[in-house]
Each structure stands twice: as structure tokens, then as C-alpha cells.
Amino acid sequence: MNYLTLIMAIPLLGAALIATLPQSKSLLAKQFALGTTLIAAVATIFMTTKFERSNTALQFVESYDWIKAFGIKYAVGVDGIALVLILMTALLTPIVVLAGWNESEGGRWSTKTFYILILVLQTMSFGVFAATDVFLFYVFFEAMLVPVYFLIGGYGSGERSAAAVKFLLYSLFGGLLMLASIIALYVLSGEQGGHTFDIEALSQLEMSSTTQNLLFLGFFIAFAIKAPLFPFHTWLPDAAKSATPGTSVLLLGVLDKVGTFGMIRYCLSIFPEASKTFTPLIITLSVISILYGAFLAIGAKDIKRLIAYTSISHFGFITLGIFAMTTQAQSGATLYMFNHGFSTAALFLVAGWMISRRGSSTIADFGGLQRVTPVMAWSFFIAGMSSLALPGLSSFVSEFLVLVGTFTRYPVAAVIATFGIVLAALYILIPVQRALHGPTEPGNENLKDLNLREKIAIAPVIAVIVVLGFYPSPALNIINPAAAQVVSQMGFTDPLPTHGGK
Amino acid sequence: MLVNNGLVYLIALPLFGSALLLLAGRRADRWGHLFATAMSAMSFVLGAVQFYEMLGRDAENRAVTQKLFTWISVGSFNVDAGLLLDQLSICFVLLITGVGTLIHIYSIAYMDHDKDRRRFFAYLNLFIAAMLLLVMGDSYLNLYVGWEGVGLASYLLIGFWNQKPAYATASKKAFIANRVGDMGLSFAIMIAFATMGTVSFIGVKEAAEGSSQGALTAIGLMLLLAATGKSAQFPLQAWLGDAMAGPTPVSALIHAATMVTAGVYLITRSNFIFDAAPTAQLLVVIVGAITLLFGAIIGTAKDDIKKALAASTMSQIGYMVLATGLGPVGYAFAIMHLLTHGFFKAGMFLGAGSVMHGTGDEVNMRKFGGIRHFMPVTFATFGLGYLAILGVPPFAGFYSKDKIIETAFYSGGIKGILIGSIALFGAALTAFYMTRVMILTFAGTPRYDINNPPHESSFLMLLPMGILAIGSVTSGFLLARGEALVHWLEPLFHAHEGHGPEILPPVVISLMALTVVIIGATFAWFKYGRGPVADTAPTNVSIFTRIARRDLLQDDFNESVFMRPGQALTRLIVKTDDVVVDGTVRGVAAATLGSGAALRTSQTGFVRSYAALIVIGAIALIAAIWAVTL
Amino acid sequence: MSEFISPTLSYSLLSPILVVFAGAIIGVLIEAFASKSIRPIAQVSVSIGTLVLALVQVWRIRSSSSTTAAMGSVIIDGPGLLLQGSILIISIIAVFLIADTENFAAAPAAIPGSSEERESIARGQQVSEVFPLTLFAVAGMLIFPVASDLITLFVALEVLSLPLYLMAGLSRRRRLLSQESALKYFLLGAFSSAFFLFGAAYLYGYSGSISFAGIRDAVVGGTGNDVFLLIGIAFLSIGLLFKVGAVPFHAWTPDVYQGAPTPVTAFMAAATKVAAFGAMLRIYYSVFANAEWSWRPLITGIAIITMVFGSLVAISQRDVKRMLAYSSIAHAGFLLTGVIALNKAGLDASIYYLFAYGIASVGAFAVVTLVRDSAGEVTDLNRWAGLGKRSPWVATSFATFLLAFAGIPLTSGFIGKFSIFSAAYESGATAVVIAGVLSSAIAAFFYIRVIVLMFFSDPLEDATSVLIPSILTRITVLFSVVVTIFLGVFPSPLLDFISNIAIFIR
Amino acid sequence: MNPTNYLYVSALLFTIGAIGVVVRRNAIVVFMCIELMLNAANLSFVTFARMNGNLDGQVVAFFTMVVAACEVVVGLAIIVTIYRSRRSASVDDASLLRR
Amino acid sequence: MPESVLFWIMGPLAVVAALGMLLVKKAVHSALLLAWVMITLAFFYIAQGALFLGIVQIVVYTGAVMMLFLFILMLVGVDASDSLTETIRGLRPIAITAAIGFGGLMVSLIGRASLGRESVGLDQANAAGNVEGLAYQLFSTYVFPFEVVSALLITAAMGAMVLAHHQREVPRSTQRDLSEQRFRSGSLATAAGLPGPGVFARHNAVDVPALLPDGTAAPASISETLRTRGDMIDSSQFQLDQVNTEVKEEK
């Protein structure tokens, strides 16, 4: 059964169906979009149940020739890491559709177009995580920029087109650097037994260390921009501020994961030596990102920018975990990607509701929401607690795994990174205090609390956050073998306890 | 995996209560408080049952564990969601659920008029659950969950009236100070895993024997950092005073009886680490000593009754921490003082709450005076607590605090004398400020509108106060009788190594303690009891008093050393991000655009200059040829 | 001297060229004898018919290829046929554009603004001579990449150039600009062909032969003096680089692209590039291949300067045709990497790129012809603002072409760029690949800016209207869009086809 | 005589022609300079034909003349047209298209 | 060596003449100098064994092409002269540098080069006669480009037609046509044609309307442009009967 192609096809079919609807039936378009994403989610969950957790090989593999002249294949397959990210995408999209039911209405174009873009984006996202052919990956990687670009520029607010352009140019720039590396890989593979883009085959290539380092950088910078890692992050706050909340969720929750996912899937496996060479640098950048993003978040005055900055900090943790090269950090990083998707989704969706009710995204314009709109305030609070990695919520597990895993190999980095948890308390509690606590500011008295649709949308997100906080095993069991595989393929074993055994 | 001995229900009941009340929303307004109280009470009953069962077993087999499920398992990092109830935990379980239930009952009346009472009870239940998890977790990571959980509950409760900006700020301050401490706990766990490969108490205990001094010291120091955060010890003590913004039952439960003692629990629980790390132990003592004086000094200057009590709490926990730093002999006394303190301090806080309740939420003691006439029961219970905290025999404090002073003196050498003296001096200060509180509040002449006198609180409030007062009177004797607690806890603390040389007989030390207490109390009487008290704080006071009123400049210190530089750093980074990082990006874009515009001018429109360009190109080519064929 | 050898021409191999010549001459005869009223329709039919027939001929001789013809004046081999096919397909859709609307002067001989001109316009006239001129140009283009001696190359260069010089000056609106562009194109074109010829003289001097085979033998044999060879290569290259619009021989491009009637711009932007690069590929790959040490550094430098310059200057353009002109300069730089590659992959990639770029280019200019106000085409980019709102399909088509130019995946441009850069990299030209990638990033900037303008900006007050496309333009645009996307998604058939038959015979 | 001398003359004439295109403003003179360049090229061809001992160079020169004649026709037609529109044959006046 | 003599006399003269092309002001002079250069080249061709080319050079180039140039120069204005001051900033130094650089480099390169083989001479190639030799080549080896050149000629012819020739759509009206039109226009009033300005008036400037028999002005008699511009003079002042008939005796 070609599950992966199937789940990629479902949104595309839905998009085609919506395209046939008349312009005026915007409600129908929304319902179709929700239905499609729900079907895709169910299909993905079903696929997840068929996944053999103990098997570290790629599963649900499909491979067909695409461009034979270049050895390019339509090849897909997932390991545990890719699977959880696909699952996350599949779960988040219907939530985004439901949560942002009216998001498309302030846009430049029709509702129909909005949902077509969303669905196309979903297909691309599945593809980018599932691809096992570097070229196919690149195609999805670049092509998914286009729907996001139109989603930001067409349906966002404020300086939306400037933000969309900034996003696109940043990403394209990174993408082109990656393209240069891909070209080099292609040529190298041609010299060493036939052109191919298969990851497995590429990871066997012989390269001089200079070549490897340069090519690694091509990939890594592309991913660092996407992730985003300091100092390549400045597109994110603008994009997140201008995009609709739903788009922001997909942007930060799904799209940015491509960066960190790419680091695992491509940087590590194809350039193991270069990865080791650059590890000190990357760890440094990650730690800087953690603290830097946190400080920026503390200083942020706009709630959406704040969330974007927190993500920079969180992506620092993820990158740190990836390059720490211990099973704990690796699993933690992947779990972090999954969890971050949901906690950011919760933050953005609730922030979006707050903003749409208040008509402002400046934190100072809120105040006392806890008394006016308790459910909304609580949702925001829980999301915030998840963001600051409160134990008992899902992010804690992943953040702690990253830290503890990093500590065994890079104690200094882990120690500095840990300061991020104090800063996290600041950047979450400051907006909580300003927006939710305090006296009810004028203009906020009559805000409406969440309606049923919004409650239905946020409930599963919070449920995931809480359940995985207490019982992360379902996710970890999928991730662990793949993460361990990554670490062992890199030739690393976990550092042993320095004193005594268990 | 299966719930075989029901430990989990201890936590699950209040947790369920909390979740239900929060999710049900306004629908639960009418019965929420009762439900929550019931949950807490049932938890207490379960705890009592466990205690009873435990009593029935041998000393060596008293600990029970329960593995619920595998929580986190990655590679060699395996943490179960597991519970451990041993002699140490049970003390806490009973204290938490017992005092907790009493405070639930008290709050039913105290929060009667608040329309958000249900939410308050939900938070209380959440706190109980988290605190139980803290003391019952079988590993540092489980403890960590409870640790942050109580921090969250504390945050929520301090900020319960967060519509007042100051209260919201206080709650945030508490959370952040706690987070700094939590960081220490994180470090400790990381070091433990890196060096020992495990984070469970049993595992670490076993591995500690073979571990290096350095690692153990590091873990110990980090645990101490965690403890200072949670237990409001120096240097992370500043949040406790502000935490009094929360409703008074909260102050009683969380910021006096239970949560703030979590640091003591942590150090005691980690005895196997501290015992092997003398440096860390010494620092524990120093921190305790500093804090006990620090709190006591602040206490002497505070006019706000709750803040005075909070300072007292800080000071008393300083005693406990000091005790834990004194090695195996100290742990039991620390715990004993912790338990007795739980009774008398909670009782006094509830008393203070009662006074506030009776005076229309007045907290300034200079506006009180002579309240004993109007609130006799409150006066009585408060007075018993007062005697207990002073260490007047045979009240509870006498048994616990004297033992700590004694142990301090016996810890050996100059150090022993020094910390013993500090402890003794602390006792004098305690007597002074507590007497001051008593006099200002209950004695003297009323300094309020006599036509609108305070009224005694309702039965529901007085009942817990009474029970706690009984505890204040009896608990010390019960725990100390035949060294009951010491023996009870003994299996946990390795060997009973004994203490250093008895430089003075115990009786002498007790007498000395009693003497300084009397001196302190008398001094207070001379200062406040003889004449009328100004109803506003005098301003022409010594610099020391002013500093003490400003909490020994703790906030000024934090503000100038952390907050302002932090804010400046934040502004700097925000600016840097805009100007340097994003500025570079924009600069590259501008440079690209600019060079495009500049190059564009080469297109002059004159065909002759285009021809010239071609000629120049041709010259360049032939010049290159000329060069290569040279 | 020996006996006169009666020349054998291999007519079947020449048939595409001859068919086009024949069509052109029929066109001339129609001009001479047919009445004015039936001329336009007759010319269109003849032109299209001729080109299609030529295309059929190309297809039919594809397997009998790899032979010299016409006494060795031309080589009909795989690459040549592919290029001829590309030129013909591009020409067909370009002729649709030429035939479509009133783009051409009613009376070119009349003074602009004269009553004579007004009268002609009122009578709905349009110069129908453009069709035979186009066919002549196409014929020249068909010969250019298959020429195998310097004479044929030079004559083909002129045959393709002269009609273009003329056609550039035939715009109906803004005739002064149009005439100016014709003058500039002509003067600079003649100037560059003088260089070309001078270079040819030195190549002849070096080798003693004017046939490519003879020159190659001399290069391979190393006989003769390198100085002559180098001067020959340098000056011949100037002529060719001028035609493809490489910096610093590019200056005519923006002016001529802007001034010429848009259909002519479309035709010459696309078809001339194919022809000129076709000739370049043949010359550098087969004739100068053994002297690569001499020209590769030079062409590498020029390629880098060209792509960077084109991309940078395009950013600051406010006129859509000028912007496309600079974009074509940048693309000339990208295509030069294919020349530098000097391997089979480079050849295949260049041919693919040329075809893909040509089609997208015609499509883009076709869209330009549609955006109008009462005074004719609107090329001021500011006034394209909000086009996406008013004419989503037109704007979307244009965006598709721009994305293809930018090399976004799933468009033909991406496959083209990928294949050409990888070929260049394979041959060790890393610097040019990196420069290419960087300038692609710069280029992306202005393509995206136009898309932003069309989709994300609000229209100005004096809104431009979009002409309802006639069936011919619609075919052109649609065909271009479909090809652009199809070649981006399923490039395999074409790539394989090219790869199988693109082998230069020497 | 060494035929190379003719090459020098050819090169000089070519140079002069090229510079003439750059410095002269009258379109007709510019065009004449281009013709001069073509002639210079022709001289090279003829000289090389002599040096190489075959007639190919002369054939090219012959073709060049024909082509040049055609070019002249077209070029002068364009110049005349633009002169009629602008009453000026200066190439500098035709500079509306720029930037 | 007669060739040397020829070369050393004609060569420098040709170069000087070419330089003169750049320096003279009048286009006609440039053309004449170019003609001189071309004739020189014709001599060189003949001297180098290219008899046919030499003749063609004179006939086609100097004769036809240069005549065409001169013809157009006449059309454009034979007096047209260039100011030699440079108007494009910086172009003159570039041109001078380029001239020296280009010429210098080329001469230096040619000086360094040698063919690497003996100069063969055309004796063998021209054995059967130069014209015959060329004919062999043209009609055999290079027959294809030769034929293609015809396309070029057609293009050139058509190009000239397109740009220069405009076929009249309506034949130009003859006087007879106009006359017939007037009579058939319905009104006979204008059949005889409109009066010219100044008729019966004392003044015949173009802005003075004719006077009708009744003495009023006839607006139709002056140009419509003037009328609409209001440049029509009130002609009443010029009526004959208003004129002071007293002829003053003038000296």
C-alpha cells in the first residue's frame, strides 16, 4: 500500500475539488478543506499504526524513475523521525483550518484560493518529510515556498507583502546555496558510479574533507535559514507578524521543521565528517540562538513577534540536540520538533483569536483578559507554560532530553542553554502578566470568549500537550530507534557515566 | 505497572479535583470548594492509612514504591513514573494533606465572598497534588515535576488576585526566582546522569559511594541552589515577602507550612550526596545561617503582619537548612523543626488571616492593637503559636529549635561555636520580632475606628486554627519523645554517626536559649509594650532600621545587579538584532539595489558609448591575448 | 585547377531551410502581387504553413542526420536539428503574436504623426512585409547553428540580422523609439559583424582554411601561430557574444528590446538566442575544443560578469520590457556556463535550456502585448500593479514565466538551470556555478518583485486594461505555460530525446 | 615583399574604423567607418589568401562585399527613415532609450 | 620591387586618409576619403594576386556603394557637418586610449606573430586564372552561401521598400478629379473655386479675407488655421469704397 503517496494525494485532490467550486461558495470551500485535512489526518494516523517501530530501516518505501537522465527518482519513505513530523503536519492542518475559519476573509483573494494554497502546502510538507531523493526533497523544499509566500502576502496583515518577499528571498537564497551543493553531489555521484540522488547512495560518496565541508555548509545554511538559527533568523519575526495565525502555525510549526529535519536527514547522513568538524560552531550558534531568541522575546512588544522569537530560542534547543550526538539529545530534538509544533500552534492560534478580537497585536493593548475571557486566557496560559517547558507538559520532556543529552557530551553548552529556561519564564510571564493579568484595560471589557468552534480547535492541541507531557512513550517509541540509528551511523555512542554504573 | 498499593491515588485525587473544577467552570461554583476539600481530606485519609501500614512493618521494609509506567526512556536514560513512600515522605504527606485539608476548610469561610472561590480551590488541590508528587517521586526527575508543579500552583495562588498589578508582579517574581532555583535542580540532574547514569534516588544513592568528590560537590551545590530558590534562602529569598500578595490561607499552606520547606526535603532526601560532599554541606550551613539572621532582621522591621510572618518563615527555614547542613544528626532535627514549624507557623498565618478577616483586610500592625479583646480565640491560637516559635518549653518549638542550636554548637571547633552563636542570636531576634507582632496586634490600645471593631471569625476558620494550635503545643513533645522522629528516620540516614564534642552540656544550651529568648522578648516589651505605638511608622529611625524595612536591600540588590542590567541587555540585543543582524541583511539588499542602480547608469542611451563599450571589451580580450602570448 | 565539380547539395537535409526560404519568397511575391486586403491572411497562412512544414521536415530527417550537406557548407547533425526544431517551434508561436494585433506600423515610410500615417491607421493597415522578413530571419537562424564554414556562418549571421534590424523599426506606437532602436541595433550589429569578420580573417590566416573542419585540424595539429588563432577566437567571439547579449557586448539589448515591437522582441529574444548559442556551441565544442585553454578563462569571466550584471541591473528597471531584456542578459550568462562546460552534459543542458528559455520568453512577451491602455502597450511596471486582481489568468501566466526565469522547481527553468550548472560543475567550473547560484538569488529578487507588484499591490488610479487575448495570442500564452510547466515536471522525455541525438559530428 | 605589412595596414584601418564609430556623430559617417572596418577585414582575407596560397580568402572577401552592399542598403534606409522623423542624422540625438 | 614601392606609397596614404575620415568636419569629405582608401585597397588586392576582387572593389564598392553613400548624404544635406567637440563626457579620452591601445596591441601582436609556415603565394591557385579559380569555388564549394546571399539581397530590397516606399492607398487626385468633385458636390457656389485672400480688398496679405460683392468679408477665402486662430484681419478697413479717393499728390 502506497501510504505516503496516498496521504500526499489526498490534500491535492481536495484542492482540485475546491478549485471546481464556484467563487461564491466560500463556506463549502471551508468545509471541503476541513474534510480533506481530516481525511488526511485519519489516513496518517492509520499509517502510523502500520509503522513497525522497531525497524530502523525506511518504511513505506516507494521509488519510481522521475527524470531518468539525471538519475532522479520519485522516492519516498519514512523513518521514525520523518513519521512523527508527517503526523504532526497531518494533525495540525485540520486544526489550523478549523481555528482560522474566518482567516481567509481579509485576504486579497478568495477563500477558495486560501484553502487551495493550504492544501497544496500540506502536500508539499508531506513530500518534504517523506522524500528520500535529495532532488525530490529540494523540489518540495523550494516549491513549498510558493504557497506560503502567497498565504503571507495575500492573506496576512500589516506589511504583508514586504514580509512575504523577505521570507521568500531568504529562503530562496538558502535554497540556492543548497542547490549548489546538490549539483556538486550530483556530479560526484556521477563520478563514483552513476548519477543518483538517493540519500543512502550519497552517504557512501567519497569526498575530500574540503569538499565535504563546503557542501555541508551549502546544506546547513539553507537549513539554518529555514530553522531559523541565529544569525539567519530575521525573516521569521516579520513573516510571523504579518501572516495569519494559521499560516504562522504552519510556518513555524511545519515549515521551519524542514530545516532541523534536513539537518538530521541530509547534513548528518551525507556529510558525517563535516558535521563533526562544524559541530563546535553549530553548538555555539545554537546556544546563542537559545539565549538571543529569548532576550528578543523578552524585549518584544508585539505578541506575534514574541512567539516568533520564542521559536528561535526553541530551534536553538533542537539544533543543539541534533548536533550533541547522543541518543537522548537526538530523540529529544525530534520530540521537540513534534512538541514545538503543538505548543506554538496553541500560542499562535490563541494569540490570533486575541488579536482578531482586540484588533491589535500589541501586548500593551491587552490586559485583564483572564477575567473577561477566561477560557481564552487559560488556553494561552497553558500554551505559554508548554512553551516554557513546564514539567508535566510535553515540551518539558523534549527540552530536558536535549539538555541532559547535551550535558553528557558538551556540558558547558548545556549549562549555558539551561539559562534559557529562566529567560523562558520571563518571556512567557511578561506577556501573561500584561495581557491576561492586571486590571481590564479599556477596550477589552466586551471581548468575547472562545466559541465552540474555537474550543474544538484548541482542545486537541492542549490534549496533545498534556498527554505527551505525562506519557511521551508513544512518540518516543517511534522516534528512539531512528534517533539511535542516526547517532550510531555517525559513529557515536553515548558517553558512559563517568563514575560508577547504575 | 498496575496500581498495586494505591500510592498514586494520593496524588490522583487532588489532581482530579483540580482538573474537574477547572474544566467544569462556573457550573462547579456551588459545590467546588466542598469537593476540593473532600479530595484533600481523602488524600489525608489515604496517607494516614499508608502511615498505619508503614508502622506495622519493620524499620527496613517500611518504604513502598510504585511504578506507574515508563515515563521517559531514551538509550540509557530511563525514568519511570514511579512513586516512593518512605519514612521521610510520609512525614511530608501527612503534613501536606493534614495541614492542607485544614486550610481547605479554613478557606471555605475565608474565601466565602470571592466569586472565584472555585478557582481558588482548584489551585489548592493542584498544589496538594504537585506537592505530594514532589515528596513521593522516586527520582529527581519526578521530584522535578512536582517541584515545578508547586511553583506553578504557588504562582497561580500568589497571583490569585492578579487584577492588582502589584500582585501579578509578585507572582511573576516568585515564579522566576523559583526558576533560577529550578535551573540548579536541572543541573544537578544532568550531572547526576552524566556521572552516575541514573537519576533515581536509589540509583544515585548507590552510585554516590563510588563517585568522585568533585561530582558530588557539584551536585550538592546545585541542589542547594534549587533549595534556596524554593525555600526562599539566601540569595534567592527575595520573592517570599512579595508572595504574601496571595490570599492568607495560601501563605499559611504554601509559604509557611509546606512548599517552602521543599528545599529542606530536597537536601534531606539527598543526604547521601551531602554526606559525601563536605564543601557543599558547609555551604548549606552558611546559607542557612545567613538566612536565619536575614529573615529575623527583616522580621524586626516589618509592619505588615504577613510580611513579618514571612520573614519569620524565612528565618525558621534558615534554621532547618542549617540543620541539614550539619550532617546525619541534623536531618532529623531539621525535619522535626519543619513539622513543628508547619503547625505553629500555619496556625499563626491563619491567625493573621483571621485578624485581617476581622479588620477588613488590614495588614498593617500599626493599625491594630488590643485585638485580643475582640478576637479571643484568634489571640489564643496565635499566642500558642507564638510560644511555640519562641521555643518556650514545652511548646513544640522548644524541642525542635533547641536541638538545632545544640547540634550547631556540637558540630565542632570554631565553626560550631560560630554557627551556634548565630543560631542563638537568631533565637533572640525571633523572640524580639514575634513579641513585637504579638504586642502590636493583640496588646495595647486599639489604633482603629473603635466604632467598627474587629469581629471574631467563623467556626470554620477557628476550627483549623484550633487544631493547629494543639499541634503547636503537642507536636514537639510527641516527635521528640524518646527521639521518636530520629529513630523513625534513622534507616534513611546511614549510620547514626553522632556529633562532635559536647562543648557544653545540653541543659546549658537550653538555658542559654531560654535566656536569650527572654531578653529578646523583654526588649520588645520595652520598646513597644510600655507606651502607645504610633499608627504610622516613624521615619526618624536609624539607617539600620531603614535598611531592614527595605528587606535589607534585597530588592535593590536584585534590581541593580540583575534586573536593570538584564533590561539593558535586552534592549541592547533588540537593538543589535535590528541594527546589526537585520541591518546586515537590509544592507546587503540595499547594496545590491544600489549597485544595480549604479550599473544602470552605464546605459547612457548613446550608441557611441555602447560602441565604446564593445571596443573596450575587445581591447580587454586582445590585451589578455597579448599577455598570455608574451 | 581540376575539373569543375558539379555541386551536390543533399536537398532533403537542407529541406527545412529551403522550405523556409521558399515560404519567404512566396511572401515577397504575395507582397508584390496580391491585393492589399488579402495580404495579411495570406501572409499568416503562408508563414505558419511554411514553418510547420519545415518543422515536419526537421522531424523527418532526424534519423538521417549526422551528415554534411551542401558541399560541406552545413552539417546536419543531432544538435543542429534540435536547435532548428527549437527555432521553428519558437518562431511559430512568435508568428502568432506577430499576426495577432496591430503592433506594426501602418505605413513605415510615413513620417510619424503625419496625416498620411493617420490615414493608413484609419484604414486598419499594418505592414505585411514583416512576415517574409520573419521567414528570412528564421532561415538565417536555421542556417546559423548548422553552418560549417566561416562564409556560411557570416552569411547566415547577416541573413538573420538584417530582417531583425528592419523589424525593430516597425512599431506602430512610439515610432521614434522604435526607429531609434532599429538604428542602434543596426549600427552596433554591423559594428560587431565587422569584428566577427576580422576574427574570421585571422582564423583563416591561422589555419589556411575557412571550413570548420580545416580550422579544427589546425587547432588539433597545433600548426600555425597561436597569436593568429587567439585573435581569431577573440574577435569571432565578440560577434557571437554580441548576438547573445553578453556583457560588455550587451548594451544594445535593453534599448532594442524596449523599442522594438513587442512581438519582434519576443521573436528575437527567443529565437536569436537559440541560433546564436547554437552556433557558439558548435564552434566552441567542435572547432575550438582543443584550444580550450585559451578561451575558457575568457568566457568564464564574461559569463560571470554577464550573469551578475544582468541580474543587478534588472533590479532597478521600471519598464517591463527592459527588465526582461536584462533578465535575458543574465540568462545569456547562465547559458554561457553551458558553453564552458564543454562536455556532453553541457551540450544537452544548453539545448534544453535554450528551448525552455525560448518558450518562456515568448510567453512572457506575449503577456506584455496584452497589457494595454488606450495608448497601446503599457510597459511601465508601476502600472502593472494589481494586475493579479483584474486579470488573474494573465498575471498568473506571467508569474509562471517569471518563476521559470527565476528557476523555481517544477518549472522548466529549474531543470534547465540544474542541468546546465551541474554540467559546468562537472567540468570543474566551480566558480561559474557559484556565481550563477548567487546571481540567481539576485535575479529572484526582481522576478519576485514583479509578482509582488502584480498580486500584492493595489492598482493605480489610471488602471490599465488587459486586452481580451485573441485566439492566436491565447494559443501562444497557453502553449508557453503548458510547456514551461510540463518541462518542469516531466522533463524526462525531452531530456532523453536530446541526450540521444545531440552529438556533434565534426 | 613580406605580406605581413598588409596586415599592419589592415589592423590600423580596422582600428581607425572602430574608433571612428566611437567618435563620429553623423550616422552616415559612423556607417562609413564600419565599412572601413569591413574593408580592413577584407584586406586581411586577401593577404592571408596570398600567404596561405588558396583562394578561399578571396571568396570570403567577395562575399563580404556583397553582404556589405546589402547592409548598406538596409542601413541607409534606416538612417533615411530616422532622418525623416527627426530631421537629424546625429546618432547622439537618438538617445531616448536609456537606463 | 614594384610592390614595395606601391605599398610604401599607397599604404601610408591610405592610413592617413582613414585618419582624415575621423578628423574632417564634413561628411562628404569623409566619404571622399573613404573612397580613396577603397581605391588603395583595390590596388593592394591586385598587387596580391586578387585581380577580380580589385576590379570588383572599384566597381562595386567605390562605384556603387560609395555612390549610394554620397546619394544619401545629398538627401540628408550635403552641407551637414559635424562639430568635432565631444559631447559625451569622458568618451574622447576613452577613444584616444582605445585607439592607441587597440592599434598598439594589434600591431604588437602581429609583429610577434609569424605564420609558422612559408607564405605560399597564389601562383599555383591562380594558375588557371584568378577569375576561373574563384568561379570554381563560388559555384561548387560555396554554392550554398552564394545562393543564400540572394536571400540577403531580397531582404535588402524589401527592407528599403518597407522603409522608404509607401504605396498610396488612394491615387492622388488630379485637377480634373477635383474639379469634377466641386461640380458634383451639389452647390454651385463653390464650383468655380474659392476666392483667394485679398480679392477686391486693398491688401492681399494671407490674413486679409476677400471681399464679397456686397462688401462683406469672405471668411472662406483664408486658411482655416488662421481663421480658427483668430488671426483674420477685419477687412472692412480695406474696402475699396472706404478708401480715401483723394489721391494725395505725393512727391
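So that you can tell them apart, the chains are marked A, B, C, D and E in the order they are listed, and the count of residues begins at 1 in each.
By our rule, contacts are C-beta pairs under 8 Å (C-beta built on N, C-alpha and C of every residue); 3 or more make two chains touch, one makes a residue touch a chain.
These numbers were taken from a predicted model, which means no experiment stands behind them.
Note on connectivity: the fewest chain-to-chain touch steps from chain A to chain C number 1.
The chains touching chain A as well as chain E are B, C. Chains that touch both chain C and chain E are the following: B, D.
A count of contacting C-beta pairs for B-D and for C-D identifies C-D as the more extensively joined pair.
When every chain is represented by the mean of its C-alpha atoms, the one lying closest to the mean of all protein C-alpha atoms is A. Centre-to-centre, using mean CA coordinates, chain A is 37 Å away from chain B. Centre-to-centre separation of chain D and chain E, using mean CA positions: 18 Å.
Averaged C-alpha coordinates give centres for chain B and chain C that are 79 Å from one another. Chain centres here are Cα means. That of chain B falls 103 Å from that of chain E. Counting partner chains per residue, chain A shows two or more touched chains at residues 169. Residue positions 108-109, 151, 155, 158, 162, 165-166, 169, 183-184, 187, 191, 195, 205, 227, 231, 254-255, 445 of chain C each touch two or more of the other chains. In chain D, the residues that reach two or more other chains under the touch definition are 7, 14, 17-19, 21-23, 25, 30-31, 42, 47, 49, 51-54, 56, 59, 63, 67, 70-71, 74, 77-79, 81, 91-92, 94-98.
Pairs of chains in mutual contact: A-B, A-C, B-C, B-D, B-E, C-D, C-E, D-E. Against chain A, the residues of chain B that register as touching in their complex are 22, 25, 69-77, 81, 141, 144-145, 147-149, 152, 159, 162-165, 168-169, 171-172, 175-176, 179-180, 182-183, 186-187, 189-191, 193-198, 203, 206-207, 209-212, 215, 569-571, 573-574, 577, 581-582, 584-585, 589. On chain B, the positions that touch chain D within their shared complex are 600-601, 603-608, 611-612, 615, 618. Considering their complex, residues 18-19, 21-23, 25, 30, 91-92, 94-99 of chain D touch chain B.
Only residues 1, 4-7, 9, 14, 21, 24-25, 28, 31, 36, 70-74, 107-110, 116, 119-120, 123, 125, 127, 129, 132-133, 136, 139-140, 143, 149, 151-152, 155-156, 158-159, 162-163, 165-166, 169-170, 205, 223-225, 227-228, 231 of chain C touch chain E when the two sit together in their complex. Of all residues in chain A, those touching chain B in their complex are 169-170, 230-231, 233-234, 292, 295-296, 298-300, 326-328, 331-332, 368, 370-371, 374-375, 378, 385, 390-392, 396-397, 400-401, 403-405, 407-408, 411, 414-415, 418-419, 421-422, 425-426, 429-430, 432-433, 436-440, 470-473, 476, 480, 483-484, 494-502.
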